[in-house]
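Quick heads-up: structures coming right below.
One chain, subunit A, appears in both complexes that follow, with subunit B as partner in the first and subunit C in the second.
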Partner chain A sequence: MLQLLLNALALGASYALLALGFVLILNATSAVNFAHGDVVMLGGYTAIALHALLQWPGAFLLPLVLAVMALLGLVFSLGAYFPLKDRPPVSVFISTIALGIVFQNATNAIAGAEPRKGPALFGEGQVNFGNVAIGEQAMAIIGAAALLIAGQHLLFRYTGLGRRLRATAQDRQMAEAVGISVNRMIGLTFAIGAGLAGAAGLMLANTFFASPTDGSNYILKAYIAVTIGGWGNLYGAVCGAMFIALFEVLYPSLPILVPLLKSTTPWLFSQTMSSILLYVGLLAIMFFRPQGLFGEAIQKRV
Partner chain B sequence: MKRLLSWLGIDVRAPLLAGAVGLAIWPFLFTSNYDLRVFTIVGIYAMLALGFQLIFGHAGALALTQGCFFGVGAYVTGILATRFGLSGELTLLLSALIPVLLAIVIAAPVLRLESHYFALATLGIGQVMLLIAIAWQDVTGGSNGLAGIPPMRLFGVEFGKGYGILGLVWVFVIAGAWASHRITRGLYGAALCVARENPVAAQSIGIDTSALRYATFLLSALYAGIAGAMYAHTVRVVSVEALEFPIMVACLTIAVVGGRTHIAGAILGAVLVVNLPEWFRDLEKTYLIAYGMALLAMIIIAPDGLIGLMQRLRTRWFGAPAPVLPQNAQRPAQNSNAGAAQTQTPPRDTRLARIPKGEPLLTIEGVTKRFGGLTALSSVSMQVHPGEIFGLIGPNGSGKTTLINIVSGAYTGDAGKVMLVGTPLSGQASFQIARSGVARTFQNVNLVDDLSVIDNVAVARFGAEQAALGDAFTPGRSGRAWHNARDCALRLLEAFDIQALADQPAGSLAYGIKRKVEIARALALDPMLLLLDEPAAGLNEAEQLDLAQRLRRFSDCGLSVLVIEHNMPFLMPLVDRVACLDRGEVIAMGLPEDVRNSTQVITAYLGAPDTGAAPPIRDAALAHTS
Partner chain C sequence: MSPSHCLRRVGTGLCVALLSSSALSQAEIGLPVLVPVTGFLSLEGTSQRNGALLAIRNAPNSIKISAPVTDTGASPEGASTALERALARGKVTAVVASMLGPQMLAMMPIALENKVPLATVSGTADLTERKNPYVFRFFPGDATAKAAHVRYVVEDMQKKRIALVYQTTAYGQGGRAQIVEQLKKAGLAPVMEEALEVQVKDMSAVIGKVQQSNPDVVMLHLHGGPSALFLKQAAASRITVPIITGSALGQPSTAALLEPAELKNVCAETNAAPIASGNGPEMEEFTQKFRAEFKTEPDGFAVGQYDAVGMILDAVQKGATTPEAVTRYLSSGSYQGLAMKYKSDGKGNMAHSAIIICYDGNSRVPKIAKRYN
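And then the complex of A and B:
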């Protein structure tokens, strides 16, 4: 049970990084980055490639992956966002979908379609505390993700740069009016968002492997997390990510945890069923509380 | 001959005609089974994209369900034909209808979402369908799919491999293109355009934007379902590939590369997208990278697609096509019943006779509105009588626009009620309020820039002409409604002396003219009450005087006007009564003279008087507040 919870927390931590990057970009540009899931996937492959090259453990690769993905995020914004920033938002959706397709198929062409296993942060063994065995990887993920989220929080909350980034996300025109170089801030937000997504990719690639078509799954996870947490709400998104992970890990284990359910048909508690339920739940949330579970309704100005 | 040349020369039709002829000849030039099959697939994708254009191009909603509807259509045919042995007519019918049913189910939670929420939600629905198809092995065959789908048989005729299925598919493409063309022109098409470009304005002129979205969403599912059925009979195998994202990608690429709203765009896009991987065999596995790059390049360089590019080039080389105005442009205004109240010497509004004497037209009673902790309006009450021009003044942020937004249904009040001749307006959607006789303009002009002046106004006749989707298939109906609407619009433009600009795109006009167009559009609703939000802002003095005279003339015919204005020299002589709002409360109401001299009003505008300051100076200052 403890191991199960820990796994759920580790998965939730990776999802949190992914959702956080998604919301940061959403807030700064009011555009959805449809390629965000593919960026996670690329993060995983970057880690695998660097691991093959350097043979370092994942924890030492993490800064490298962050840097590479941040650079990619910057390039991404130059290709998919800046040329279209004055056009209707649908243009940016399409441009990010387009780049997502390119990422996905380029990865497929270079690395092949079969799933690959990413490096562990430190090791994959178990640590025994008394009679409870705890996975090293899960603990390492939780630690690393907590560090990254704390870093993001400190950067945004307590530095001048963070204030400029937040100002840009809150009101771009106002930020520009007080002399903030808005474009630079948006580019930087893309870099941070992609870096966090890349870190998530590195963490997920060890347990769940990486394959080129992972992107659409991850973007949906980010979307669900953000919908649960309330659009634009950074810490709501982190909570939403945790919730999804708990559900995903615990739901298929219900027959093990609750003996009463053991006799039910196997498909009822399959992975697939949990994904479907998660999604149907999302539709229900959108129907009854379109502002998210924690979010406040935003009144449109006429 | 000259006309023929110019017809060929200035219009985009010439290359399109050539393209159509080329397409018709194609299957007789490349006759191998393989070529015929590719050409059939082109038709299937064209059908898919024609449907996608309705929701994506015309309704402006990026629905990533189109590939999913296609896959569902294909699976329905596959399952029913192989497992239940149903006849071709039945499988086709169900393949078309089940995606529509699915669309109806998901429309409720999803369709009212704003753009990106909507796109992501639809992406998720596709993912769920894919998961179900993989997991529900007993029925769908799991990841192996279903093999052995029989060739298409309809009413005893078999449409087998080669020309048979090819012909059938292209018959559907032509029928689909024709239907799409009929639907997207005229009043209904113009309403789609306004709803897409400016939903707030569309609501304000009585267009139910969600109904339009809903209709196009269901139609797009219908097209996709038919395309899916055709695909199942062409490929004869249905596997999870039919539900996977690349189909959606191809469909999106077709619509973006070809053109989002032009029928030829769907077909041209399909020809390119299906054939490019065939033409560039060397890229075999990486053709999707090419799709992605093409998509990105097109969205940056030519967002209207290749057909849009052609139209732009035509305009650059040959000038804009001659606009077509209603035939009776020079005819003196007649007393037709539609829009009679807006002609230059209009008769009195007959609806007023039904209002008992002394009864107000609009009653606002105890209306309260809070935004979070801020009370924008607190228990505001006032009445507007038939034929009255009622002014609403007050400092910035006093709640004037909020009040208009509540009356017009853009906001819902937290307490109180709004009644129009005894009928409550509160709780109704803004399009319903607009249809029941309350028209409005906006503080920031809300017109569709790309649409001509006359069409901007004509589209407000949507409700009056009872335009509907079915018009497309009733001979003569659509054309007649559009003609009537434009006729009425032209007369309204004449009433403002701007008929000469009728064919100009609204975006190209001077600000003052835009304001007039917006008022003309509001009047096209044939309203009993007109809500004007700062109509004189940005007008010079001559224009202001002109506007005041015209408003007076309309009110003499029975139109009531509720007007927000800061410009006192414009407002005070115009209105019959005035109310002044300050911090959400009515602080004065009555004749213009009385309100102007009210100390409370003066205080609200200029702050508390200092001891000894001379009142006349303040009075003069207020008179020139603008």
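And then the complex of A and C:
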């Protein structure tokens, strides 16, 4: 049980970083960044490339990956957002889809199609607690993600920069009226979002490998997490991500956890049924609580 | 006319005659390579492309080959459009066709209409059950591969409590049906079965269920990435029973994702394992050439497609330069390739052998443990 829970939490922590970056950009620009999953994938490949170059463990590479990906986020905003920001919103998300495909195919061309394994944060061994073996990487992911999420919270909550970023996300016109450089804040948000996505990529690339086509799966997780948590709500996105991971791991494990369920029909607790129920649940939330479980964003989404 | 002038004219005449005869004897064929180089099957598709290209680059000088490569992506429309464009562009003698089953299904009616043979390494069982005389599969179909998979588990390992984990895709379901059928013939049924979507990353739940069912062997029929994920997480969960996987693990890039210790007690079924110990000199030469050309390790798909192109070129060398003649040759002839001897069973299944490779837990280089013909 402890092992399953820890695996689910580690998965959820990575999803949370990914969802957090996604919702930061969503709030700042009112546009969905469909390339966000591909940015996660690029984070994984950046970690792999840096590891090949420096031979450092993942934990030491993390600040480098954050920096490289933040720079990429900035460049991404210059290519996919700023030139189109005054056009209809559809232009921005089409441009993000296009850049996502560019990232995917460029990675395929440069690094090859085969999956790659990223560096572990500290090690890949197991720590034994009695009969239970806990993976070092799973524990490290939870710790690193918690630090990054806490750092993001402190930045947004208690610093002047954070207040300006929040003001931009809440009302761009008003922020501009009070003298905030909105474009600079939006660029910075892209940098933070891409940095967090890159960190998620580093963590996922060791446990689950990295391949050029991973992005589409990750963007789907971010989208569901944000819908469950509340469209535009930062902490809702984190909770939504945790919920998805816990559900994905624990629901199919119920016959193992609850002996009474062992004799039920196997398909009822299969991975396939788990996916079906997750998406049915998502539909139910959209029908009965469209603002998500944790409220509604202030800005109107177009 | 001076004697030297005369000699020059005679020499020129001889050269022209020689060049003309050479040009006349050089067969020209169109062999478009339509494979998925991007998308979720890009790894296998790239291998397939490389195998075909190596055979084309090593073709006899007497054959002039036009072999444009087109990426079919991952959609059936991508494949059918690629084939239609190739046919519209000009002479097509045969086609190196996608290994992705749904793409093959989209290309097959076009091939039938245009009477052009498709040479593929797709394992999807249904392809050769549709009575299309233009489909030729140079990779053991599920019926052959899964028979070997089950025979190794049941006859050689003498296992009876089998846990089966497969993919929800057409590939996974087709393979699962064959495994269950073969087990039934042996009077067995899996003690546990679970299907996994390709996107599933955390396999704790299914591994827990495998452990709960107390099997004496685990059979996998998963794609490359999921196979590696399962093996990595199974090793972390201390599953000690043998795990016998499908052909995905035969790809060196899949094994490269795992530590040698994670491969302990692991075997796989495949058509060929070029990097395995125990291969003959021809396979070793192929492996060296492949590494030099593409800077990567070859796998069974590359060998299968290399042999497929080899058989087409053999047909051309024997005078079959039209699509109809190549089709006739593939339907009725036989060819000794690198991996095995190929001959159609009347449905287009050319490969009837499979091998089992096993890892010793100390390296990622497998050994050939068993060969089934």
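One rule holds in what follows: the second predicted complex is superposed on the first by the 275 of 302 C-alpha atoms of A that agree within 3 Å, B and C clash if a C-alpha of one lies under 4 Å from a C-alpha of the other, contacts with A are read in each partner's own complex, and residues count from 1 in each chain.
Assume a residue touches a chain if its C-beta (ideal position, glycine included) is under 8 Å from a C-beta of that chain, and two chains touch if they have at least 3 such contacts.
Remember, it's a predicted structure, so these values are computed and weren't measured experimentally.
Participant: Quick one: on subunit A, after the overlay, do subunit B and subunit C clash, or do they fit? Just give me the call.
Facilitator: Once subunit A is superposed (C-alpha atoms), there is a clash between subunit B and subunit C.
Participant: Classify the contacts of A:174 with the two partner chains as first (subunit B alone), second (subunit C alone), both, or neither.
Facilitator: After superposition on chain A, A:174 lies in contact with neither partner.
Participant: In the overlaid three-chain picture, which partner chain does A:275 touch, first (subunit B) or second (subunit C), both, or neither?
Facilitator: both
Participant: Is A:248 contacted by the first partner subunit B, the second partner subunit C, both or neither?
Facilitator: second
Participant: Classify the contacts of A:132 with the two partner chains as first (subunit B alone), second (subunit C alone), both, or neither.
Facilitator: neither
Participant: State whether A:54 touches subunit B only (first), subunit C only (second), both chains, or neither.
Facilitator: A:54 contacts neither subunit B nor subunit C.
Participant: For A:3, decide between first (touching subunit B), second (touching subunit C), both and neither.
Facilitator: second
Participant: In the overlay, answer first, second, both or neither for which of subunit B and subunit C A:283 touches.
Facilitator: In the superposed model, A:283 contacts subunit B only, not subunit C.
Participant: Between subunit B (first) and subunit C (second), which does A:108 come into contact with in this model arrangement: first, second, both, or neither?
Facilitator: Both partners, subunit B and subunit C.
Participant: Considering only touches as defined above, state whether A:256 meets subunit B (first), subunit C (second), both or neither.
Facilitator: second
Participant: Overlap the subunit B and subunit C contact sets on subunit A and report the shared residues.
Facilitator: On subunit A, the overlap between the subunit B and subunit C contacts is residues 104-105, 108, 213, 217, 270, 272, 275.
Participant: If you look only at subunit C, which of its residues touch subunit A in the complex?
Facilitator: 37-40, 42-43, 45-46, 168, 192-197, 199-202, 204-206, 208-209, 212, 224-225, 228-229, 236-238, 251, 253-254, 256-257, 259, 296
Participant: Mind listing the subunit B positions that touch subunit A in their complex?
Facilitator: Subunit B residues touching subunit A: 60, 62, 106, 108-110, 112-113, 115-117, 119-121, 123-125, 127-128, 131-132, 134-135, 200, 245, 249, 252, 256, 285-286, 288-289, 291-293, 295-296, 299-300, 303, 371, 401, 405, 410-411, 442.
Participant: Where on subunit A does subunit C make contact in their complex?
Facilitator: The contact residues of subunit A facing subunit C are 3-4, 7-8, 11, 104-105, 108, 112-117, 124, 126, 133, 135, 204, 207-209, 211-213, 217, 245, 248-253, 255-256, 262, 266, 270-272, 274-275.
Participant: Looking at the complex, which residues from subunit A come into contact with subunit B?
Facilitator: Touch list, subunit A to subunit B: 31-32, 34, 79-80, 83-84, 87, 89-91, 93-95, 97-102, 104-106, 108-109, 213, 216-217, 219-220, 223-224, 227, 231, 267, 270, 272-273, 275-276, 279-280, 282-284, 286-287, 290, 299, 302.
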